[in-house]
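Here come two complexes built around chain A, the first alongside chain B, the second alongside chain C.
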Partner chain A sequence: MLDFLIKLQTIDRRWIYLAVGLACVVPFIVPMRLTVRPSQETIGVYKTIENLPRDKAVLIDSGWDAGSLGENMGQAEVIVEHLFRRRVPFVVINIGGSPQGPQFMNAVIDKIHKRYPDRKYGIDWVNLGYNQVGGWVTMTLAAKDLHKAFPRDYKGTKVNELPLMRKTRNIDDISLICCINYSPSEEWIGFIHGVYGTPIAFACAGIQSTSEYRYIPSKQLVGLLVSARGSAEYDVLLHPNKSEDRTSKGTELIVPLTYGHLVIIFGVVIGNIGYLAERRRKRLRRWE
Partner chain B sequence: MGIGGEPTTLWEIWLAALITLAIYTFLYSDNKLYRALLNTSIGLSVGYWFVVGWKQVLGPKWWDLAWGGFKPKIPHNAVWVTKPIMWIGNLFSYIGDHPWAFTYWLFLGLLGTLWYFQLSRKYMWLSRIVIGMTIGMGAAATFKGAFLLNAPQIEDSFRPLLATTPDSLWSNGAPISVGAPINWLQSINNIIFVGTVVCVMVYFFFSFSHDRKPFGGMAKIGRWMLMITFGAFFGNTIMTRMAIFLERVQFLVRDWAKNAVPNTPGIYYAYGFAILFVLIAIYYILARRHPTAPTSPDAMNKEG
Partner chain C sequence: MWKKRLITAVTFLGGIYFFLEFVIPATIPWQTTSGIVLSVPSDKKVEVGLVSKNASVPITEKTVIKRKTHTGEIEIASPVSIHPGDMVIIKNLSGKESIGIVMPQSSQRRLILGDVTKHKMVEVRDNSLVRRMRSRGSGEVVAATTLKASRIGSADWVQIGPTTYLSAWYESVNDFFVVLGSLAWGMGLLSLWLVHSGNIRKRRPEWYLSVLFFAAVIVGSVAGAGFGAPETSKEWTKRLSDIVLFDLLRPLGSTIFSLLTFYLASAAYRSFKAKSREAVLMMASSIIVILGQLSIHPTLTTTSTWILYIINSASVRALEFGLMLGAIAIGLRLWLSLERGAFFDREV
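Then we have the complex of A and B:
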């Protein structure tokens, strides 16, 4: 028995991959639903957007691409849907993220726009594209003069020709900065929230979230969307009664994600059982 | 369905699916097919970065502004040999019209050029001027950023150990005063928080021995708290990796297997299976090496 338990810590990793693969594939083939309870950090972002004024724009710094599509796409979907629904205008920028960011964000906006066809580009939203000179330099410049930091939108149209941009010139015209990225830039907190006090929300990859949580109790962040979980929770807040309307990437991934996690937890537990069994054997040998 | 719900063509779905599967062959063992695709991916992304960098940054923000402004002044019917001369003429006429702008440009240009003196041993000292300026600016910005980022964190660490119910003014509960009821849940929360902060700080305080009575225990608790944090990091890392993997699984199950295959005419099935067969064959040829069996922790320790 002890030999069998000791062997548990040397299971070929490919069996674990297979188990994780099955746990992830089956929920896609056999549709299942799990109850998702929104966390405080997700509710923080939702409540902030729910109470935003309609005469000021939300600045979305979106620099994610295919590499973090599983996590950031759902976050972008729910935030854009909420802003479209409330008709709060938003300005999409990409400071130092992936150069593919604007295209991916456009794809998300196009998808959500089909549900809100009366929203118009240039009035309800604009996409100012990518600025390679990232970090605090562009952030500070954008806060002082957004037109100078982004003279044209991603299509090449001068920002003065866009109605939304004519009334959105600097940080005073921004009600919230929402940074959707694999690893959102903390310089938004230091250089913009610290100086101008503009509320900031982050939507980040799970791996980054552990170091971002600390900004919530200190009120430097109004909330945080963590990985696919964050978007699934936000989807519940957006559609509390109609589960069939929850179509974000996060909602699609949350069930297989849960089963995948269960397999990992199971793996950790049996690995530890093997470790404890080996310790016990060593102790028994010492007694002998 | 591609990103944003745009339908992709059949061959795109097949290509994406086969590349995805080929990349995941690494799960079985390292192989040349995986490495070839990895290098292709790196090459593609470098090329993409270059094109986007030119099209979205260098082009509109440098080239078009610096040189494009003179273009309209050159007549279309001018002989091509005379075009560069006219262009240079326009440049000098611009400098004559905007002497201060040119002086500004010249000053910054010369300053930037000083970087290149790093290539000369004799004149390397010139590059130190701009290096010094860059370090000074960077240090100032870092100090400002770090202060604005961390000062509210320090402020938030001062929490009352016996606190009242949190409100809009006191988000962690106010210190107890006469008549105000204690919120025990908030108080316990604050005690854990402040205790963790102090213990972790003691753990990283190396100026005195941790063997002394109160500090040894505190450092030990600090270490445990750090280990719990690292566990949280690890758990969240798994969530990230899993979400990335699931996005690919979703593509394979929903877009490739469900949509592409059943709606495909028979001839495409034949092509698809042929490609899959060739891919598997290539994989087995390239990855004949028997994968190394995982070693036990003891064996790894012996190997060092």
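Then we have the complex of A and C:
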């Protein structure tokens, strides 16, 4: 029996890859649903957007791309849907993130726009594209004069020609800053929230979230969307009664994510069973 | 030798500017007037009301804050929207009302309120700086005519005094960073060109990958012409842009990052062993946090949230503190050119 337990820590890694692969793929083939309970940090973002005034815009700093699509796309979908639903205008920028960020955000907006066809570009939302300088330099400039930091939108139209941008000139015209990125820049907190007090929400990858949680008790962040789980939870808040309306990437991925995590935990547990069995074997041999 | 000295001098001057700009106030403290704006008779004169503290009010989520706008109307205000200079009426849980002007020392959890005790007409000279105060004592430079004035309600909190000139150059220095950033992009492209063209010229191993690199740059540049075209556009550049972005880059990027999952699972299986008490503690907390994220049971979720909000926050703050001390040490070495770089011992 001890021999068998010791062998548990020497399983070929290809079996582990297979187990992870199956755990992630099977939920796509066999449709499954899990109960998702919204967490405090997700509810914080939801409540903030739910209580936003309609006469000010939301600034979305979206710098994610294909690499973090599984985590950030769902977050972008739920935030854009909430803003469209409440008719709160938003401005999309990309300060120092991936240069492909604007295109990926456009794809998300186009998808959600189909459900709200009466929303118009230039009035309900604007995409100002990518600024390669990045960092606090562009953030502080955008806070003082957004038109100077982004003189044209991603199509090349001058911002003065866009109705939404004519009344969105600086940080006073922004009610919330949402950063959707693999690792949102903490400079927003220091240089913008610390100076102007503008509420900030982050939507980040799971692995980055541990360093962002500390900003919630100190109220420097109103909330945090963590990975696909955050977007699945937000979807539940957006559609509390009709689960068939929950179509975000997060809802799609929460089941494979869950089973993938369980496989990893199972692997850790059986690895430790093998390790402890080997220790016991060594102790028994010493006594002999 | 002179090039190294030039680099050292420019590095030092850049660092000393930012250090002094951070340490020295924007205006000369003993000649600065701070208070709320009562009126702006002209662009050279501002009537400032000097405010003395009269109350310190704690703010909770249940506190109801009413703000008197600059026209005298009353509106409900959220704690995050309160700025220095706002006239507020706060009712605490016992029903007691506190009325006053919010002072810059206030925070999100405590408002320091005051009353106007004196009026002062301040002259805005050519070397004067007018700073409108935002939350927590940070200010932005504005023109006197843009200030919001009021005798009956909320107004801007302003600091007017002779400038120390350092903050006047801030935007120019920022512009310098913008230019430097653009140069860095150009340098990167140039460097890639030199490396890959060298590979092709000298037929180094796997030189065909350099040919693919140039082909990818050309295709990507041409595809970029299609970016921004409307969804319904039939232009071939739009179609090429969609193919490059959504049919090539997106799957490739997702594939590369997805490989991490397999490495993570294999590494966790092999290396997460209970070899010591600390390792057992780490493993137990990580399992609780992972299971808590999966909505399996409310107790697990509560415990996971407690670990993340309390223990994790404290340890990350401690870690960041250490990182920042290290960053300051490295920054000092770079600023004073004490760091020996790759080319330091050669003529550049």
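Just so we're on the same page, the second predicted complex is superposed on the first by the 288 of 288 C-alpha atoms of A that agree within 3 Å, B and C clash if a C-alpha of one lies under 4 Å from a C-alpha of the other, contacts with A are read in each partner's own complex, and residues count from 1 in each chain.
Following the convention adopted for this analysis, contacts are C-beta pairs under 8 Å (C-beta built on N, C-alpha and C of every residue); 3 or more make two chains touch, one makes a residue touch a chain.
These numbers were taken from a predicted model, which means no experiment stands behind them.
If you put the two complexes together on chain A, you find that chain B and chain C bump into each other.
Contact with chain C, but none with chain B, is seen for A:197 once the two complexes are overlaid on the shared chain. Residue contacts after overlaying the shared chain place A:22 against neither chain B nor chain C.
Of the two partner chains placed by superposition, A:32 touches none, neither chain B nor chain C. Looking at the shared chain after the overlay, A:123 reaches neither chain B nor chain C. Within the superposed three-chain model, A:219 lies in touch with chain B and with chain C [touch as defined at top]. Look at A:187: by the touch rule set out above, it reaches chain B but stays clear of chain C. Once chain A of one complex is fitted onto chain A of the other, the partner contacts of A:2 are absent, as it touches neither chain B nor chain C.
Contact with both chain B and chain C is seen for A:69 once the two complexes are overlaid on the shared chain.
Among 41-49, 59-67 or 77-85, the region of chain C with C-alpha atoms clashing against chain B is 59-67.
Annotation: chain A residues 9, 13, 17, 20-21, 24, 66-70, 100, 104, 107, 110, 132-133, 154, 156, 194-195, 206, 210, 214, 217, 219, 226, 229, 260-261, 264, 275 touch chain B in one complex and chain C in the other.
Interface of chain A with chain B (complex): residues 9-10, 12-14, 17, 20-21, 24-25, 28-29, 66-71, 73, 99-100, 104, 106-108, 110-111, 114, 129-133, 136, 151-152, 154, 156, 186-187, 189-191, 193-195, 205-210, 214-215, 217-220, 226-229, 249, 252-253, 256-257, 260-261, 264, 275, 278. By the touch rule above, chain B contacts chain A in their complex via residues 2-6, 27-28, 48-49, 52-53, 56-57, 60, 141, 144-149, 151-153, 155-156, 171-172, 229, 232-233, 236-250, 253-254, 293-298. Considering their complex, residues 78, 80-83, 108-109, 134-136, 138, 140, 171, 174, 177-178, 181-182, 185, 227-228, 231, 241, 245-246, 249-254, 256-258, 261-262, 264-266, 268-270, 272-275, 283, 287, 290-291, 293-295, 298, 301, 305, 308-310, 312-314, 316-317, 320 of chain C touch chain A.
Chain A makes touch with chain C in their complex at residues 9, 11, 13, 16-17, 19-21, 24, 34-37, 39-40, 51, 65-70, 100, 103-104, 107, 110, 132-134, 137, 140-141, 144, 154-156, 194-199, 206, 210-211, 213-214, 216-217, 219, 226, 229, 258, 260-265, 267-268, 270-272, 275-276.
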